[in-house]
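Just passing along the structure, written as structure tokens.
We call the chains A, B, C, D and E, going by the order they appear; numbering starts again at 1 in every chain.
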Amino acid sequence: MTAALETRNLVKRFGGFTATNDVTLSVRQGARHALIGPNGAGKTTLINLLTGVLAPNSGQILLGGEEISRLPTHARVGRGLSRTFQINQLFGDFTPLDSMMLAIGERQGHGGMAWRPLSRDRAVADEAAALLKRFRLADAMGVATTLLPYGKQRLLEIALAIAAKPKVLLLDEPAAGVPEEERHEVLSLVRELPADVTVVLIEHDMDLVFSFADRISVLAQGALFAEGTVAEISKDPQVKAIYLGEDA
Amino acid sequence: MAVLLRIQGLVAGYGEARVLAKVDLVLEQGKSLALLGRNGAGKTTLLDTIVGVTTHHAGAIQIDGKDVTRLRAEQRTPLGIGWVPQERNVFRSLTVEENLTATARPGSWTLERVYQMFPRLKERRRNLGNQLSGGEQQMLAVARALMLNPKLLLLDEPLEGLAPIIVDELLAALRRIVTDEGMSAIIVEQKARKVLPLTDDVIVLERGAVTYRDTSAALLAAPETLDAYLSV
Amino acid sequence: MSDKALSASETASGLLKRAGRWQIWEIALWLIAIAMIFVLPSKMLILTEITILALFAVSLDLILGYAGIVSLGHTAFFGLGAYVAGIFARDYVSEPVTGLLVAGAVSGLFGFVTSFLVLRGSDLTRLMTTFGVAMLLAELANQAAWLTGGADGLSGVMITPILGLFEFDLWGRNGYIYALVVLMVLTFIARRIVNSPYGLSLKAIKRNPVRAAMLGISPTRRIVVVYTIAAVYAGIAGALLTQTTSFVSPDVLAFHRSADVLLVLVIGGTGYLYGGIFGAIIFTVLRDWLSVITPQYWMFWIGLILIIIVMVGRERITRWQAFLPGSARAERLKARKAAEDVR
Amino acid sequence: QDVVKIGLVLPMTGPFASTGRQVEAGVRAYMALHGDTAGGKKIEVVLRDDAGTADQTRRIAQELVVNEGVSMLMGFGLTPLAMSVAPVLNQAKIPAIITSATTSAIMKQSEYFVRTSMAGPQSAVPVATWAVENGLKRVVTLVTDYGPGHDIEKGFTDQFKKEGGEIVEAVRVPLQNPDFAPFLQRVRDAKPDAIFVFVPSGVGSVFMKQFADRGLADAGIKLIATGDVTDDDLLNAIGDPALDVITGHFYSANHDSPENKAYVEQVKKAANNMRPNFMSVGGYDAMHLAYAALEKTGGDTDGTKLVEAMKGMEWTSPRGPISIDPATRDIVQDIYIRKVEKVGDELYNVEFATYEKIKDPFAAQ
Amino acid sequence: MLTILFDGIAYGMLLFVLACGLSITLGLMNFVNLAHGAFAMAGGYITVIMMNRYGISFYWCLPAAFFVTALIGVLLERTLYRRLYKSSHLDQVLFSIGLVFMSIAAVDYFMGGQQQLISLPPELRGRFDFFGVGIGRYRLFIIVLCAALTVALQLALTRTRFGSQLRAAVDDGRVARGLGINVSVVFALTFALGSGLAGLGGALGTEILGLDPNFPLKFLIYFMIVVTVGGTSSITGPFVAALLLGIADVAGKYYVPQAGAFIIYGVMIMVLILRPHGLFAREGGR
């Protein structure tokens, strides 16, 4: 079976600094995969490479067996890749409804339609409403994003990524800024996704990681440092030394 | 012990909007305070108001016995405030080192000392602020505040995005700073269980008002109360 | 929220319908514009000028207000349209509607080609590349005297009656009606476009291109399309100018025109299509009025007014709309209130 | 008493504002000296600013006709501005007196154009003749790259070659050009006997300084020009670098005649000590023509009659004797060759040779 | 040949002094100050008035132009500009264009619309030969002055704490204040520097470019081109850009005069196609 997402010898340099160092990684379909590692290890950089925000210096990226390293971001999204950002990337004064209409409309290829009024996209509107409701944003659907409390914005960030109905979903610290007690809830929404959706999670909260992931890769200084099941990684003394510390 | 920060009947917010409703607070020198509360409770607003970057509506703030209510933010800093904003707000077009030196004030915290605390920053010291990873930015924001050599450190979710091992180190370091150097600190944090063991006192904010205050030890000892205040 | 009882999907479609609905002030504006034909017969010429400028500004709003592309060379398309219409009328067909279409097409083609220059870079870069394109075109018009008449302008443009029926009279009445009809038709089309999924995606690109790409939107293609449409609009506006004045000079490509249209749009407000129209009215009327009072120093007063507008706050000035029933702004204010409830 | 309105459309703001200012001064001076009645009618001038933009000119002209009911138009600072009103004139059938625009092509656009400024190359032709007569055989021409510049370049070149001179090189300078260094260096490297220059008047002063600074005169290159370069209005400000420059033009503030004395004095008095230049005299004569035509028609304001009346009109202007060519409606005037000299404390274009009754050399073509 | 190079450098340098104030306000302060040319014009007219009315030496006029314009800058900054730092770029455009219009009309009213000219002191006039290269004295003066100025500015903005504080204040004024930077003083001083430099440029440029009330609009474009091509993240960028454009323009006009008017725009578009953020944009910088 081909991996849902694969990288081969991926390298990214910023000037003389190697942020991604020969990373070869394979994530099977339907996996709940976590990516952890010290600050500055290159996790976000790796996600940026996968999504095409950055171009690699060398190496390949394969999505469902298809090489996508040279495709622009939007084309990768079209092939089923989606992500959230470490720092919210939302549309300022758009309402959550606008944002969802956009995301769903784009997925269905309506984005080029210049002659059909938005309000006539009933199917899209219904789906948007349903998704907003699932993310507890229904009450706020007509409010400008910037006026929403941070937690709601965070939810919208994730909802947008999910609206694209991705095959592979990349989450960059989705629970950042969300209170301890609500973190699990955020991830439970992710967990509800169909089993064949592959999820890659970056997170520094080990409670979350250990409860969510079935497999973990550890990055350090740009390179793959260790990989294994939750049990293996959480006991690995080297990982403890560089990342987890003693009490994890 | 001397009172470092005294807040009375503080009402503040953004523009017309009032977020804080009559907050009272006293913090003694060399003590640390955990500030807890849900999303949107007003924690950040309270810190920002102490710093002086929100709209002040009523009430008074005293630092070190001096009334600063009418002072602008840049006039308060010299009295000894060090601030780690929630969104880090690293200066993007300054290098790491410039970020540290641009606002630095003389004192025991020097470049060498913060680099010692965060070796990672030393490695990246020629990088621009916006070329840092999330965690590195967080370290920089904390280091920048320390370089101000403040009497009162205001930390808004300083652990966010840091690797577990760094979190532990930072908390230990903060503890040392407070006990050994007599610096005071207010720490806003989502991970209450992480910070409570290290702080002296705790207050909980709810809709802009203080709804609970006690020693940290007391709150830790009563997990039900903690859950009641913090869960949804 | 009052309609909490409604199901989420009903709320959603209600909100969407409201956003695209015709507003009372919009209808009033068009009715007044039509009434002008009878009310102010002596002001037809300046009204025509306003109409043309308004169309030009609407065109700029499409790229600036919706796609977020600032241009300091938008007159490249205006001027090109003007010259094409002039040359076409002089050498081929002197019927204006045909000329309008041809000018729009040529301009649009040029817009398509140059759109690739504005895809990358910051505001400043776009400002200056568009500006550079316009200046090159202006210089070309100046040098290609055999075709354009060079610096003396293109004379000998004879425009026959519109559709062979309505002649351009000295009072400018038919000219105004003609320009107004064109403005109305094109504004309605633009209105439809910006309220479509495509329009939404443009706004998204303007607000956050990184995220827009992450939703599968190809900014390149969307921008190329809107830039081309805007170029068509500007070209038609230029052609209208040629046809109502039966003359073209290199001035149609001059820098001050790009600057003026930007001013006009900014005065009226970007991103709601009518900004260009209101701006054109305010700007032209003010300038005409002041330059009659003080031909030498009217610039001083215009400058002062601009500064006052900024100081008082454009938002505050355009807030009048909020008081009209059913306006988008009123909705937005209501939404702001609703936001408090959500907390 | 009946009022006759004259619409005066000029660039009062923008880069060509000084043209507007001068012409207006000329118009006002004429009215101050000759009263405000002609042909039994009271004359009223309505001044409008077109900022040098052709479609504004056209709209304003049209509005003046339909709303203000003017009987004559006047002004037009630049060729395209004049061109743009031709359709209005043809439709409204009223005369327009051109006070400033100079290209030959304008006059053909409408039967209602009459001109009191000059026809483009009018002053260039005599300069060419004079140059050859005075032993300047190899010349570089340098003109601004726009209509009037092209006209003048052609006028000079044709005449110069006819007289046996050689054009070493023809340089055209863009209208928007901050620095003349490369062009002047090019001229210097071509080592001609003289350089013939036409640039618009404001730019002319900048040009003069750079010419002096680059030491072209020391390299033995003489400067000859049309009078735009040594604009009377700016001459004192240019200062010594202008001394000894030879130009050909139709008007000098130093022209020795009673008409001119009165005129210069009046302008200085009314316009803050401004020295009138060749543009303002265009306005002055335009007013004279309008007055005289009205006298001749006995106050009849019919456009066609007014134009008829203007044709063939002859009078002595502050610039010297002039007339309107009945065939072309263009001005026929004497061109003077002048040299910049110190007169008292001030610099003037001092006339020393006259070429009489020069017509637009291109009008016949 | 070398003379052309020399002229190009001098012209470029002049463009640079005129534009560097803009690259400070636009590039560093992120304020779109289209009225930059008006400050340059002020410097020019100060020189003209001092020299022609009061006969003061040109050398004194230069510092005077700098300081008086800087003072005007501060006054306007304190009263008007400061309210607009947070406004959108479009508001800033509208405001500064308004200021330009007012300044044009006001100068026209007080000084008249004609070209203003000054007479340089004799030692700056004319040219001398240096190994066969014709060197204009005044142009040499400009080159020397500008080179010194560039070095000083570059050091001041990148090596000093003030420079860092300025950039910090621009990046995030709120947090900068919260960390003790007196943002309004930093901005006022910087704005003064920017307008002072414009004034100095205006004073130096009067001789070569001429001076009339339309100066702010006529030359604005050149300033913008320099800043855009150079990139807004440093002073050296615009410096190199000014030199490049100056030399390209002068050489282009010398060798292919027919294409004279196309050159500067052509070069600009080429550069911006290849490097959309200007020649010296820092990756990730503004």
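Operating definition for what follows: a residue touches a chain if its C-beta (ideal position, glycine included) is under 8 Å from a C-beta of that chain, and two chains touch if they have at least 3 such contacts.
These numbers come from a predicted model, not from an experiment.
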{"item": "Chain-chain pair with the highest tally of contacting C-beta pairs", "value": "A-C"}
{"item": "Centre distance in Å when chain B and chain D are each reduced to the mean of their C-alpha atoms", "value": "75"}
{"item": "Chain centre separation in whole Å, for chain D relative to chain A (CA means)", "value": "73"}
{"item": "Chain C and chain D, separation of their C-alpha mean positions in angstrom", "value": "39"}
{"item": "Averaged-CA centre spacing for the pair chain B and chain A, given as whole angstrom", "value": "30"}
{"item": "Per-residue overlap in chain A, given as positions that touch at least 2 other chains", "value": "149"}
{"item": "Junction residues of chain B, two or more chains touched", "value": "40, 131"}
{"item": "Two or more partner chains touched - positions in chain D", "value": "13-14, 17, 21, 145, 174-175"}
{"item": "All chain pairs that touch each other", "value": "A-B, A-C, B-E, C-D, C-E, D-E"}
{"item": "Of chain A, residues touching chain C in the complex", "value": "51-53, 72-75, 77-78, 82-83, 85, 89-95, 97-99, 101-103, 105-107, 110-119, 121-122, 124-126, 128-130, 132-133, 138-144, 147-149, 152, 160-161, 163-164"}
{"item": "Residues of chain E that touch chain B when the two form their complex", "value": "161, 164-165, 167-168, 170-172, 174-183, 233, 282-286"}
{"item": "Footprint of chain E on chain B - complex, ascending", "value": "48, 51-53, 72-74, 77-78, 83, 85, 89, 91-94, 98-99, 101-103, 105, 128-131, 144-145, 148"}
{"item": "Residue numbers on chain D that touch chain E, as the complex places them", "value": "13-15, 17-18, 21, 145, 171-179, 181-183, 185-186, 202-203, 205-206, 209-210, 212-215, 233-234, 237-240, 272, 274"}
{"item": "Chain A-touching residues of chain C, taken from the complex the two chains share", "value": "1, 4, 7-9, 11-13, 15-17, 19-20, 192-193, 195-201, 203-204, 207-208, 210-211, 213-219, 221-222, 225, 332, 335-336, 338-339, 341-343"}
